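In what follows, structures are represented as structure tokens.
Shared between the two complexes below is subunit A, which pairs with subunit B and subunit C, respectively.
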Partner chain A sequence: MRIRGEAVALLGLAGAGLTFWLGMTWAPSVSIDAFKAPEAQRIFYWHVPSAWAAMLAFGMLFIGSIFWFFKRSEWAWRLHVASSEAGLATGLMCVWSGCIWGAAEWGVPWDWTDIRLNTFAMLTLLSLYLVLGRRSQPDGVETRDTFAAFGMYGFVLVPFTYIATRLWQIRHPGPVVATSEGSLNSDMGTVLLIGAISFTVLIIGHVMAGMRLTKLELRLEDLQTRYEEESR
Partner chain B sequence: MGIIELSKVTVRRGRSQVLDGWSVSIDSGEVVCLSGENGCGKSTVIETAAGLVSMEKGSSEISGQLIRDSEGRRGRTKFGLCLQDDCIMGDELVGERILDAAGCDFDVSSLLKTWGLEHRIHDRVAMLSGGQRRRVAILSGLVPAMVSSEPVAILLDEPDSGLDEDSVEKLAQTIRDLAAGGHAIIVASHNSKIVESADRVIEFPFTETKGDPVKGKFSLLERGVERKANIGHRLNLRTLSGLANNGIAGLLTLGAMLAMLNPEQLEGRTLTAFILAPALTAGLCGNSIHRLTLENRAYAWWNTISAIPPNALFHSLITCGAITVLASTVTGDFDVKLIAAGAVLGACTEAIVGLLSHATLRLSRPNAVMVRLLTPILILPWALVVDTLSV
Partner chain C sequence: MSGQTYLIAAYLGMIGALALWTWTVFARSKSLESKIDSLEKALANDESE
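Entry: the complex of A and B
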């Protein structure tokens, strides 16, 4: 039996919905001493898994870009296309939820001096650039090479984003799981784990569906060209 | 080894493979004409030889210097190039363009006279008719050989398009004269006069016939001193495009902030941000010369001259510095460190935006991609500088 990306994505979406519900209603509240807006902290259960999924998508974007650029693999180009769309979707989920949380917790939705915030937003904008840019160009080796190059160089921001809160913590909090300073309450950890798994399934489904769609689009384009050649 | 050497070149353009392991070698004193129907790959050969097209396999060498190979290695040497597009910015001057192409000073007016352009020597190219502009483009492709006693490669892509009969005849004669001087010429054309001037005709897809052209006579133009192009700075002074684009954006930002804020009440971080914001806005407008090079695909021609895209970085430093001085004067907080920071930040921002735009030039519609989506990251270094300098 062939597993369709759409079905996997729907499963992930259901898990993401469950995470949202558990985070809002079931997960324990945080201490009012630790947060200025403790109730807004519940956005965390959406914010962190979506950031995780976005990072996965950016990783796949890098792999797709590199294999297209150096190996000219068709699957890699399809991976590039699908993962840039997935990265845009999950990146926007993360940035948007972060802005809402930031507005409640810090009093401002954004801080232009925070390196984690800005490099992550940049990655999301890179995905937006790739998605919109690709739609504006006819498909061809020049288009693919240019956007693959942006995908490869853009990946430099991923390690920057990862280490930003460890090296230059300005406003965004540092890591909360698997650190030496203790970990999350177990119920909180459970919800976060469900979220991480659900978003991973969602992103895999999204990329599978996206790759299939791109394949169909390219096939349609080939058929159109062949039709035009034969009708000449 | 030939002056122009394409070795086992495989090139893809769009979704099709145009050349597949194709080789050609053009010796000193030889003229090779590429002929064939539209879209058969003639222009691809010329652009590949000039290093403008990336190749899947193979390499291109001119005068023994590697121009480009499939591994991405690039090199540059002196050669003449005239593409299907004229590749001239409208604000370049006729005489100046020919001198830039030659890379040295020489008696340009007598050359222009033979091509009926002497009276246009000081005119901007934008003021010329289509045919005159084409003649300037052809001359800038031919002149590197005209001023050289050493063999030089000349690459011409449909140079006869838009030319009258007399000009085509003159072009065919000039090609023969240059070949007599030992220069190697590759020309893509359908025109019978140009085809007849070739020693070899390659009919795409690749049947080769020998030609029997009449011999020409080469007369070397006397070279003057070497010439540096500095095209970006010259164009910026002529068009004031840096001031009109970047400068105005900075001034408008300052004006808008003055309408909303009272500078006398600002202090600390807000004051520093107020002073440095106009320079950032000016920089975010990007390299104004880059926009000019998009005209007639001029960037492609300039790319064969230098690896550094045409720019007016020195002028940007002055513009951004001046805007920061103005903002400082308005606030009454005159700090040399801040002014230097404004100038450098603005110029660096402009250079980065310019490079981002430059990276999209291989696309078939470079104007259609929204490269500005990537510029918000540039606020981060600006904000960090504001934070640092306001401590």
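Entry: the complex of A and C
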């Protein structure tokens, strides 16, 4: 049986909806002493999984870029295209949810002095450039090489973003999982885990569907060329 | 607007954006498949004539 990416994406979307419901109704509230806007903290159940999904997408973008650049693999180009779109969508989701929380908790949606905020925004802008750039340029080896090079070098920002709050914690909260300083309540951890799994499934579904879409686009271009040649 | 309402509106906006993104993938896939089908039929007709 062939599993369609669209079906996997729908499953992930349902899980994201479940995460929203659990985050709003089941997850415990945080201490009103620790947060200025304790209700807004519930956006954490979407913000963290969307950041995780964006990092996965940027990782896939790196793999696709490398294998296109050095091996000229068609699947790798399709992975590059699909993961840049997935990285843009989840990156925007993470930035948007972060701005909503920042506006409620800090009083400002963005802090230009915080390293993690800015490196993550640069990653999202990189995927925006790759998505818009590919749509405005004719397909060809040179075009693909240029975008693949951006995909490879842009990946440097991923580990940089990951360690940013450990090295220069300014305003963005530090890690709460996979750290000795973690203090996450077990119910909160469960909702966060459901969110992370759902967003992972969503991103995998979208990348699968996106790779198939790119294959269809290339097939259509090929057929159009043949049709035009035969019509002459 | 209370904090909770503001948060629900923000969440629903994001779910809507994700659903829209998923729907555009469906729509693009359907549109491409129908264009490919039409072109393949046209090319097959040309070859048989």
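Here are a few things to note about the model shown:
Please note the rule applied: the second predicted complex is superposed on the first by the 230 of 232 C-alpha atoms of A that agree within 3 Å, B and C clash if a C-alpha of one lies under 4 Å from a C-alpha of the other, contacts with A are read in each partner's own complex, and residues count from 1 in each chain.
Basically, a residue touches a chain if its C-beta (ideal position, glycine included) is under 8 Å from a C-beta of that chain, and two chains touch if they have at least 3 such contacts.
Only a predicted model underlies this, so the values are computations on that prediction, with no experimental measurement involved.
Of the two partner chains, subunit C is the only one touched by A:I100; subunit B is not. By the touch criterion defined above, A:E39 lies against subunit C but remains apart from subunit B after alignment on the C-alpha atoms of chain A. Counted by residues of subunit A touched, the larger count belongs to C, out of subunit B and subunit C. Looking at the shared chain after the overlay, A:R212 reaches subunit C, while subunit B stays out of its contact range.
By the touch criterion defined above, A:W52 reaches neither subunit B nor subunit C. Of the two partner chains placed by the overlay, neither subunit B nor subunit C lies in contact with A:F62. When the shared chain is aligned, no partner comes close enough to touch A:F155: not subunit B, not subunit C.
No residue of subunit A is contacted both by subunit B in one complex and by subunit C in the other. Within the complex formed with subunit C, the residues of subunit A that make contact are 5-6, 9-10, 13, 16-17, 20, 23-24, 37, 39-40, 42-43, 46, 89, 92-93, 96-97, 100, 104, 202, 206, 209-210, 212-213, 216-217, 219-220, 223-224, 226-227, 230.
On subunit B, the positions that touch subunit A within their shared complex are 12-15, 54, 56, 359-360, 362-365, 368-371, 373-374, 376-377, 379-380, 382-384, 386-387. On the subunit A side of its complex with subunit B, the touching residues are 72, 112-113, 115, 118-119, 121-122, 125-126, 128-129, 132-133, 136-143, 145-146, 149-150, 221, 225. By the touch criterion given at the top, residues 3-4, 6-8, 10-11, 14-15, 17-19, 21-22, 25-26, 28-29, 32-33, 35-36, 39-40, 42-43, 46 of subunit C touch subunit A in their complex.
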